[in-house]
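The structure follows.
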Amino acid sequence: MKGVTDRMSAPYTFKLAMDSLWKEKWINLLSALTIATGLLLMAVALSVLYNIQIATRKLPERFVITVFLKEGLTEEKIRDAVSGIKANPKVKSAKYISKDAAMKELKALMKDSDYILEGLDENPLPASVEVGINKEAVSEPSVRAFSDELRAIEGIEDVSYGEKLLSSIQAIKSGAEGIGALVIIILSAGITFVCYSTVKILFYRKKDEIETLQLLGATKGFIRAPFVLEGGLIGLAGGLAALSGIAGLKYLISIKLASLVPVLQSFAYPSAVAVYLPVAGLFVGLLGALIAIGRLRF
Amino acid sequence: MKGVTDRMSAPYTFKLAMDSLWKEKWINLLSALTIATGLLLMAVALSVLYNIQIATRKLPERFVITVFLKEGLTEEKIRDAVSGIKANPKVKSAKYISKDAAMKELKALMKDSDYILEGLDENPLPASVEVGINKEAVSEPSVRAFSDELRAIEGIEDVSYGEKLLSSIQAIKSGAEGIGALVIIILSAGITFVCYSTVKILFYRKKDEIETLQLLGATKGFIRAPFVLEGGLIGLAGGLAALSGIAGLKYLISIKLASLVPVLQSFAYPSAVAVYLPVAGLFVGLLGALIAIGRLRF
Amino acid sequence: MIEFHGVTKAYENSTALRNLSFLIEKGEMVFITGPSGAGKSTMLKLMYMAERPDEGRIVINGTEIETLGDSDIPYLRRNIGVVFQDFRLLPRKTAFDNVALALRIRGMGESDIKPLVNETLKMVNLRHKTDSLPAALSGGEQQRVVIARAIVSEPAIVLADEPTGNLDPDTSSGIMRILKEINARGTTIVIATHNRELLKDTGRRILRLDGGNLLERGD
Amino acid sequence: MIEFHGVTKAYENSTALRNLSFLIEKGEMVFITGPSGAGKSTMLKLMYMAERPDEGRIVINGTEIETLGDSDIPYLRRNIGVVFQDFRLLPRKTAFDNVALALRIRGMGESDIKPLVNETLKMVNLRHKTDSLPAALSGGEQQRVVIARAIVSEPAIVLADEPTGNLDPDTSSGIMRILKEINARGTTIVIATHNRELLKDTGRRILRLDGGNLLERGD
C-alpha cells in the first residue's frame, strides 16, 4: 500500500459531498432555505435603501438659487451675466426670467386681484436668473461660497437661496445614509452568522464520523474538502432560492401591489445586484463551512 | 412496577432540559444567538419603520390652506368668517392675515424693490386666513370636500391649497406604509423560519436518542416536553440577548453615532416594544420546537 | 406470554424470518441461537415492536399486537426490558441516568429511583462508574449498564440480545446468575446468543434459527 | 514493530494502565486478554494514537510517537488497520463504501478499489450485503464489515478489539483463519479478546491484563 500518492481524487470528493447532501436532503434543504431567507432579507433591505437613495438623490435637483439682476441692464450685459453664471462649473442650468416674466408670475400668484398691478407705471420687479446647480455642490458651505462667486459677476444685484430647505435636504440625505449603513452592517453580520451556525450545526452533527475518519488515517484535507463543498453547494442553493424569491417578490410588487400602493410603481429594482445572490450564497456557505471546520484537531 | 402513575414530574422535565442545554452549551448558544440575530434584525426594522412613520406623520402638519376673504368686509363679518372656519371640526388652527399684514409680507418678499409698492394708492392684496387642518383630514378627497364647505361660509372669496404638495404627502405616506408592511411580513416569515429550522436541526440531531426513548416505552409527552422546554429556553435566551443587543445599539447610536450623523439625534426608540423581545423569543422558540416535533411517530 | 403464529418478516431485499410459530410460557427462560444473520435480533425486535410482522400474529403478555394503536405501544413496552445488541445508551447521560431513565419513563419518583438504580448498578459491578458517561466506559462496562437498564424496572419480560458479547467469561456467568435469579422470581426471559458457554448445560429450551427458519423447537 | 516502555495511562478518575513494558516483533500475532475494564482497549488505543500516554515511550513501526506532529499522525495510521470494539461504521455509507473508505483515504484510484473491496467482502461472507447500510445489517454482519475495512488496505499492523464478540463460533473461526493467513504473509496482528475459544491452543503469545497491570508477558 506504500507509495500510493496522497492526492485525493476531486470527483470522489464531489461524489462524497453529493451523497451526503442527498442522504440528508431534508435537513440540507432546511439549511439552504435558512440561508435563502437571510439573503432575501438582505436583498430586500438593499432594495429599500437603494430606493431611499434614489429618492434623496432627486431632492437636490429641486434646489434652485435665484440671482437678481441689477436694474436697467442692456440686453448684452444681461447675456454676459447669464453666460458668466453658466461658466461656473457648479452650474447645471440657468434660466433667465425677464422683468415682464416676473410680473406675469406675480400676477398669476395674485390671481383675481392682479388688476391692482395694472396701476403701476413701471414694472417694479427685478429680472432674475434661476440657477440649478450640480447635486455634488448642494451643501451649505459650498452653496455659500458659490453665492459669493456669483455676486462677483458684473450686473448681479443679489443672490437668494432657501437656507432652511438646504439644511433639511442635507439632514434627510445624511440620515438616510446613516440608517442605511447601520441596517446593512447589522444585516450582513446577521446573515453571516446564520450561515456560520447552519454549517456549524451541520458539521457538529457529523462529529462522530469525522473522528472515525481521523482514526482511519484521513488527512485534514480529505475530511474537510467534502464539508467545504457541501457548505458551498448549500449556500449556492440558498442563493438561487433567494434569487427566485426576489424575482417572485418583484412580480408580486410590480403586478399585484403597485395598483394598491401607487408609490410602488416607481420602485426601482437593482436587478444587476440580484444576480450576485447565488455568488453571495456560495461565498457565505464556503465561508461558514471554513470557519466551522477551522478548529479541526487530530 | 405496575400501578405507577404516568404523570411525569415537572422538575425532572426541567432538569432534563437544563442538562441537555448544558451538555451541548456551545451549540445551544449558537442557536440562541441565531434567534437573537433574527429578533435583533426585526427590532431594528421595526424601529426604522417607526421613525419613518413619525417623520411622515409630521408632514401633514406643514400642510396649510389659504382662505381669501372678500374685499371690504367689516371687522364683525371678518370675525364671523374666521369663527365660521374655526367651527369646522377638521380645523386645527386658523390664523387671520389682514390686508396690511399681507402687504408687509409681500414687501419683505420683494426686498429692496419694495419702494415700488409705495406707489400704490390702495392695498390690492386681499385679507386671508391660514388654516391648519387635523392630520386625519389631510387627504385629497377630504381636502376638496373641506374647501367646498369653506366656500359656503359668508365673506369667503376663494380657497387655495397646494394640490401637488398634498398628493406627494399622500404618496410618501402610503409608500412608507406599504414598504413597511412588506418588510415586516418578510422579516417575520424569515425569523420564524430561522427559529423553526434551528429547533428542527436541534431535534434532528437527537433522532437516535428519541428512538431509544421510544423503545424504552416513553410516551410522546415524556419525549417532547424537554424539547419544547429546551426550545423555549433557547428562544428566551435569544430574546434576552436581542434585548441587550438593542440596548447596546441604542447606546452606540445615541452616544457615539449621533454626533456624526445629526439626524440620528432625533431617532425615536420604541423602548416599550423592546421589552417584548424576550417574550417574542420564548414564543418563537416554543413554536419552532412544537412544529419541529409535530410529526413524531411511534 | 409470548406467542408467534406463522410470523414472516421481510426487509426490502431479504426475508429475515419465515413462517415462525412458537410459544413462550410465562416464567420461562428461553435461548435463541443460530449463525450471524439468522434472524435472532429480528425475532426480538418483533417482540418489543421495533418491527411489525409482514404476516402472522404475535401476542405479547395477552395483547394481540396488531390491535395496538401508536399511543398504546409505550405502555406495552413498559412490561419489557431490552438488552439491545447495539446498546443504545444515551451518549449525553451518565451510567446512573441511563439506568434511571427506565424508571423515569415509568413515572417513578426521584426518591424511589436513587436506591433502586444504585442497587442495580452494584449487581452488575458498576457502582464505581455511576457518574461516567458511556464514552468513558469500556465495552463490557457499557454492556452491563444496558443490562442494568433492562432489569431495573423489574419488567414482566426481559429480552436480551447477545448480552455477553463484550464480557469476559467470569463477568458473563455473573450476569447469567442474575438473569436466572430474576427468572426464578417469575420474569420471562429470552436470550439471543452465540456464546456456546452460555448454552452449555442450561437445561432450558433452545430455539435454533438458520436463514430465518426455526430448526428446532426445543420443546 | 510495537514497543511499550514504562507506559502509564490515566483517565480523569482512574488509572487504566500502569507502567507497561513489552515488545511485539514484526510479523508476530499476539493476544491480549483480561476481565472487563482491565485496559485492553486502552492499550490498543495507545497503539493507534487515539489516546496519548501520560508516562513512558511508545514506538510504532520504528517511529517514536511522542515526536509526531498532528499532521504526521494520518500517515502513521495508514500502516494500521483497526477493528474497533464499537465498530465505528459510517451510518450513511453502504458496506461497500465503508470498506472502500480505507482505500480512498489512502488515495487509491476507484478502478483499483472495486475489485479489492469486493474480494475482501467475499472473504468475510458479505458479498450479498455490499449495498446495505449498517442499520440494515445484523450485529455480526456489521462486525465483519469492520474486519473487512481493517484488512482491505493490507496494512503492516492489524489491531483487533474483540473482533468476534458478535459472531457465532463457526464464523469466528473463519475470521481467525483469515487473520492467521494475513499474519503468515507478514502482517503484525494484535487481538484483544475475552473469547476463551480463540485463546485455546493458539500457540501464540498471550498478554494478560488485570486492573491495568500486565500479569504475564507470555514470552
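For reference, chains read A, B, C and D in written order, and residue numbers begin at 1 within each chain.
Keep this in mind: contacts are C-beta pairs under 8 Å (C-beta built on N, C-alpha and C of every residue); 3 or more make two chains touch, one makes a residue touch a chain.
Here the structure is a predicted model, which means the values were calculated and not measured.
Taking the mean of C-alpha positions as each chain's centre, the chain lying farthest from the centre of subunit D is B. Subunit A and subunit B have centres, each the mean of its CA atoms, that are 22 Å apart.
Subunit A and subunit C have centres, each the mean of its CA atoms, that are 66 Å apart.
For the pair subunit A and subunit D, the distance between mean C-alpha positions equals 62 Å. Shared contact sites, meaning residues of subunit D that touch two or more other chains, are absent.
In subunit A, no residue touches two or more other chains. If you draw each protein chain as a dot and join the dots that touch, you get one closed loop, with every dot joined to exactly two others. Chains that are in contact with each other form these pairs: A-B, A-D, B-C, C-D. For subunit A in complex with subunit D, the touching residues are 1, 4-9, 12, 19-20, 23-24, 208-209, 212-220, 222, 297-298.
Listing the residues of subunit D that touch subunit A in their complex gives 48, 50, 70-71, 73-78, 80, 82, 84, 88-93, 101-102, 104-110, 149, 153-155. Those residues of subunit D that touch subunit C in the shared complex are 11-12, 33-37, 40-41, 85-86, 136, 138-141, 144, 161-162, 165-172, 194, 196-197.
Subunit B contributes residues 27, 30-31, 33-34, 37-38, 40-41, 44-45, 48, 51, 68, 110-113, 115-117, 119-122, 124-126, 157-158, 160, 171-172, 174-175, 177-179, 182-183, 186-187, 189-190, 193-194, 197-198, 200-202, 204-205, 249, 253, 257, 260-264 to its touches with subunit A in the complex.
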